[in-house]
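Below, each structure is written out as structure tokens.
What follows is chain A paired twice: with chain B in the first complex and chain C in the second.
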Partner chain A sequence: MTDRGAMRGFSDGRRTGAAGARATPFVDRNFKYLMIFPAVAVILFIGLFPVIHTLMISVQNLTMLDEDTSFHGLVHYGRLLSDGRFWEAIGHTLIFVVVALPTELVLGLALAYLFLDRLPGKQVFVALLVLPVVVSPVIAGATWRLLFDQRYGPINQVIGWFAGEDVTILWTVDPAFVYPAILIAEIWQWTPFMFLLLLAALSNVDQSQLEAAEIDGASFWRTFFKVVLPAIWPVMAIAVLIRALDLFRLFDVVWALTRGGPGTLTETFSIYAYVQGFQQFETSYTAAMSLVVIILLAITVTLVLRRMEIDR
Partner chain B sequence: MKRRQVRMAVRFVVAALVTVLFLFPIYWLAIISFKTPDEIFAYPPVWWPEQIQFANYAVLFKDGDAVTVWNSLVIASISTVFAMVIGTMCAYSIARFRTGGNLFSDWLLSNRMIPPIVIVFPVFLLFVELGLVDSFVGLILLYTAFNLPYVVWMMRGYIQDIPLELEESALVDGCTRWQVFVRVVWPMARGGLFATAVFTFVFAWNEFIFALVLTRSEVTTFPVQVTHYFGGQSNFWAKIAAMSVLGTVPIFIAVTLLQRFLVRGISLGAVKG
Partner chain C sequence: MRRREFLYTASAFAGASALGLPRVARAQAAQTAVEAAKQFAGTEISIVWEAGLQALDPLNFSGPLWQEATGIRVNVIEVPTAEMFTKILQEHRAGTGAYDALNVIPAWMPDLVRAGALEPLDEYVDKYGYRQELQTIAPVYRDNQMMFDGKIYSFPDDGDVFILYYRTDILGDPEIQAAFREQHGYDLPVPPTTWKEFDEVGAFISAYTGNKPYGAAFFRDPPYGQFMFQERFRNEGGRFFDPETMKATINSAAGVKVFNDWLAENEWMPPGVQTWGFVENLAAFLQGDTAMTISWPPYGRWAAGYGTDEEALSWVPRSQIAGKVGYAMPPGGHPQLAAGFALSLSASSRKKEAAYLFMQWLNSEEISLKRVQLPTALRDPFRDSHFVSEEYMSRWPEAPQYLAALHEGAVKGLLDLSIIQTDRYEEALRQGISRLWAGEDPQAILDDVAAQWDQITERIGVDQQRAAYEAWASNAAAYPS
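Up next is the complex of A and B:
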């Protein structure tokens, strides 16, 4: 308390001392700009400055062996166009987005409906169900790697019980199973995310509208599409957007499970960029690749935001 | 009446089964960390060890690997404090003075959407020149920057919920703008600050790509340490499991305590929850 009083006395003294209490101090006059300055400085330093640096590097020709800083024009951008592995990586990434996102959405919605009405122990269930969301994704990947082990993992064991014989599926190696394996891990971790947001959204749907629909004898699906979906749409749109962007940068789970293998079969864009930049040391090429993806992503996100008309 | 009870019973059973299914991977990870090597590599797999033993954890502490959890704690804590202070200042300016308009807010949020792998490469080149690779300063700076858009976005929402009258009367009472911020806004936003800080912390704690690229041996964080145990033929399963559990338990505790802030936190404030 005394400290607080002292502080106030100090500032009052300064104020009256400054030319008859009229002049507002510098800090107050520029307050709003001073307040954003540190944040902007940090973001510019980490966000913008490196991007400009990257732009410069992308038109040079830096590799591990070659420190050539002369201007090379757009050769690396040209190389990108004809780099099959790059476009395949983008394709793999899109497969993960296109399969995992709807699955998580539908499962999350189904779960949200399951928990919507009164249920004994609801709080406990919800608290437990959300735990996968906060596990570090790379740890989640490691966990599933242990689960998927062909000999010492419980998954093949359980499948074996149903099959009636020992099964040895090579989940992280067999080309037929690597995608299911990664998708299962991914869907396990993020379905609870969808569930949690959709449960909150469903709980906020106007009850009187639901009752009106029920009195009118509307079917479940009709009520869902006409009443519920429009009401939960804003939340759903945000949830889908967050997840879509996360899935597009998918790295951790794949890294832990397959490292993009076998071969390059599950290589996502993020993994390919990592390999090029930090294992092949194709500095300039990776720089060009990073920029192209930033631009592609910015365009996509802007278009999607426009389409979804998310209220900001 | 009877039918409703049956319905609820069925829902309860399904809910319980689903919960068990979703928790099983976490259970399996935890239980491996308590097994002996013989039990880990038993065929068929053992679902419950003979006895719970902590040798796998003891090894982590003896070899000094457990220090990576400490590294994670230092980096996540300090970067969270920085991001919260700087971010809340910025959020206050945007919430109350509309500084920079919509364009500035959108630009801030768009920084959050850039894939880390795209940012990490330029940042790596920058850090090499500044000598910040494999240093606490480097990762703290990076996590602060990466969390800032989130903090600004969330805190803007929380500050807008605070009634303006309090700040006005504080100004009339002769407080400077800064004093209004520190003495009125900051305490009023306590709940939001706390919740946002937890998610900021969780992000920095769990983050992998930045840490993988920007650390070597000095400041390895725990997720990177776990991947060090993957290797060719010999996967140190016991270490993977024990290390993962060490790093995950604190997050579980934090999130469970903050259950009521969870929805707003992970939905970027879209759901007030």
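Up next is the complex of A and C:
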């Protein structure tokens, strides 16, 4: 009430005061837009300018040796269509998304359930579980590389104890093990993120509904799907979306562990873009590549948001 | 002047030339730089340097010394090697003037010069009288890593070369020698001089000692392995391109042989050697786990225990093999002059004069001799005088043999491939090596690498690349003669 009164007073003052005397009908009519214009302008500048700049670069021909800014049309986009390595990189990225995302979600949810009840030392365990998230991904990748190391790493040693003999698993070289190695590191680091968000969501599920379900004799899974899941869905959907986007730009862990190898077997889109853009200075081609991915991602995210019905 | 007086005077001059004057000249280049630089006292120059041990030279030694002498502060910008080229080119494109002097790998020079990132140095060299002293840089570095299109763009500053290190106590063991002779029908060569000998000796030692130690180990991690490939491929008679068509010939019989030999060697080398880089290989050799290896010069110093008590080298395993190491050319006799560093002036620098003078001073006979003896700094002898320095030769008992091997390497060494956008070719090769370790067929891999090289050449322009390749291949150190 007070706020409304104050707003009204401000509005009246604007109309009748000294400043108001100078106010034009245009200002009066669009006052709310004028108020938010600076913020919108900043956001547009930060968000839109790089995209427009990237678009401009993508139709030029900037390379390591050539700073040709004349219009080259869609030549780089055409090259992209026939660039097998680019599409392979997209495919590798999708593998990481498809495997890591559900795994992190399920593990995060399971852990969150585990920590939902009162447990002795719960806060300490939660703090410890969250630690991987605060480690820089590149540091995490380098650490895992050491853990997987054949000569000094403990992982092969431990496996050797169980096997009863020395084992030689080249985690970062052998095609059979490179994906598991990267996924282990990735899932280790980001499952706690899921866990934390889902723990918060689960903590806010209406207890009375759970109790009612229990009284009605609903099974665990029925309660989960009919009561818990709808309640935590908005948070879970956002968590999945954030992680999916993170995974799509996966770089650090892969770079630290395999540098996209062997060959280009684990090369993600981000690594390919980095190699093209910052090692080989194919600036315009990389810009075209980035724009295509931005468009693909924007379409995907929009569809997913609609599907998840969390934009309402 | 009477005849006798003339002879006395001439003799005195000759003696002075032989004993004293070169030292005066050496002192002059460094001193000239110092005196000229005093006008810039109070300013700061920035120099890009490889991160890690390399940077300890300007951070702890040359930087403070220069500041004390001239009043110019040196800001050392440490950059990992893998990012140096990118950062230098990005800075040049941005034109910020953030970098004044640069450390560059000589193989990058064609790209950096074409991009306009490097400042020609001839004018400064003449102005500050440095041309004569540049001539005492070992010929292979001076003639191949200093100039481009007839202009000086960098001062070779690091005599990087791959040397064979071998355990004299193991290869010289009479029991091992007798058993080897019995099995192979010829005397165990100390050291092996061909790859066939090397493989037979290495495999024999692994088998005879029960892998304690292994016969040998190498860098196999692709970024290092590609240097090893370049060396061995050329020693086996390989050529990178057909000079007429510029079609890649890396998939020739020589290339396939190298890959097949590598796979065979892995059988008697330590498990997981495919992932070994500089540190893993170093640790194994210094701990006595391998009898032979090939690497850059610091291995030789650290194996002798030289300077390894310093805190900066605390990560280097204490050498178990001091006094038991021999130094020689790798099999084939032509070592790779792998990477190395040269000092260049950034074209976008706003303090070019001051930065140049620092470079001249660093690179001078007088100062460089001190720098190559810093145990932590990884700069290796690159001047004729370094190889015969009494001071250096007294550093550890085997130092004279070590320096002699480095000197021989500087005479017989092979240059890294250096054409337009070399890194793109090397990247394809690095990926090829990683595919080899992943179990793919050597011929198929190299055919694919060759196809990628051809695509890169097409994209750059066949004629343009042919000209660059011809210029590079015309160097005596491009291929074994």
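Here is the rule we use: the second predicted complex is superposed on the first by the 262 of 312 C-alpha atoms of A that agree within 3 Å, B and C clash if a C-alpha of one lies under 4 Å from a C-alpha of the other, contacts with A are read in each partner's own complex, and residues count from 1 in each chain.
Quick note on the criterion: contacts are C-beta pairs under 8 Å (C-beta built on N, C-alpha and C of every residue); 3 or more make two chains touch, one makes a residue touch a chain.
Nothing here was measured: the structure is a model prediction, and the numbers come from that model.
*Asks:* Applying the touch criterion given at the start, work out whether A:Thr69 contacts chain B, chain C, both or neither, answering first, second, both or neither.
*Replies:* Neither partner.
*Asks:* One more residue to check, A:Gly263. First (chain B), second (chain C), both or neither?
*Replies:* Once the two structures are laid over each other on A, A:Gly263 reaches chain C alone.
*Asks:* Contact-wise, after the overlay, does A:Thr172 reach chain B, chain C, both or neither (first, second, both, neither)?
*Replies:* In the superposition, A:Thr172 contacts chain C only.
*Asks:* Just chain B (first), just chain C (second), both, or neither: which does A:Gln157 touch?
*Replies:* After superposing on A, A:Gln157 lies in contact with chain B but is clear of chain C.
*Asks:* On chain A, which partner touches more residues: chain B or chain C?
*Replies:* More residues of chain A are touched by B.
*Asks:* Please work out whether A:Phe278 is in contact with chain B alone, chain C alone, both, or neither, and reply first, second, both or neither.
*Replies:* In the superposed model, A:Phe278 contacts both chain B and chain C.
*Asks:* In the superposed arrangement, which partner chain does A:Ile43 touch: chain B (first), chain C (second), both, or neither?
*Replies:* first
*Asks:* Can you give me the overlap between the chain B contact set and the chain C contact set on chain A?
*Replies:* Residues 151, 278, which sit in both footprints.
*Asks:* Quick one: which bits of chain C touch chain A in the complex? Just the residue numbers, please.
*Replies:* So the residues of chain C in touch with chain A come to 85-86, 89-90, 111, 114-115, 222, 270-272, 274-276, 280, 283-284, 420-421, 423-424, 427, 431-432, 434-435, 437-440, 460.
*Asks:* What residues of chain B sit close enough to touch chain A in their complex?
*Replies:* Per the touch definition, chain B meets chain A at residues 8, 11-12, 14-16, 18-19, 22-23, 25-26, 28-29, 32, 40-45, 47, 86-87, 89-90, 92-94, 96-97, 99-100, 102, 104-106, 108, 110-111, 113-119, 121-126, 141-142, 144-146, 148-149, 152, 174-179, 181, 183, 202, 205-209, 213, 223, 226-227, 230, 235, 237, 240-241, 244, 247-248, 251-252, 255-256, 259, 262-263, 266-268, 270-271, 273.
*Asks:* Taking the touch rule as given, give the residues of chain A at its contact with chain B in the complex, in rising order.
*Replies:* 4, 7-8, 11-12, 15, 25, 27-28, 31-33, 35-36, 38-40, 42-43, 45-47, 49-51, 53-54, 57, 111, 114-115, 117-121, 123, 125-140, 142-147, 151-154, 157, 160, 188, 191-193, 196-197, 200-201, 234-235, 238-239, 242, 245, 248-249, 251-252, 255-256, 269-270, 273-274, 277-278, 283, 286-287, 290, 293-294, 297-298, 301, 312
*Asks:* Tell me, which parts of chain A touch chain C in their complex?
*Replies:* Per the stated touch rule, the residues are 64-65, 149-151, 166, 168, 170, 172-175, 261-265, 275, 278-281.
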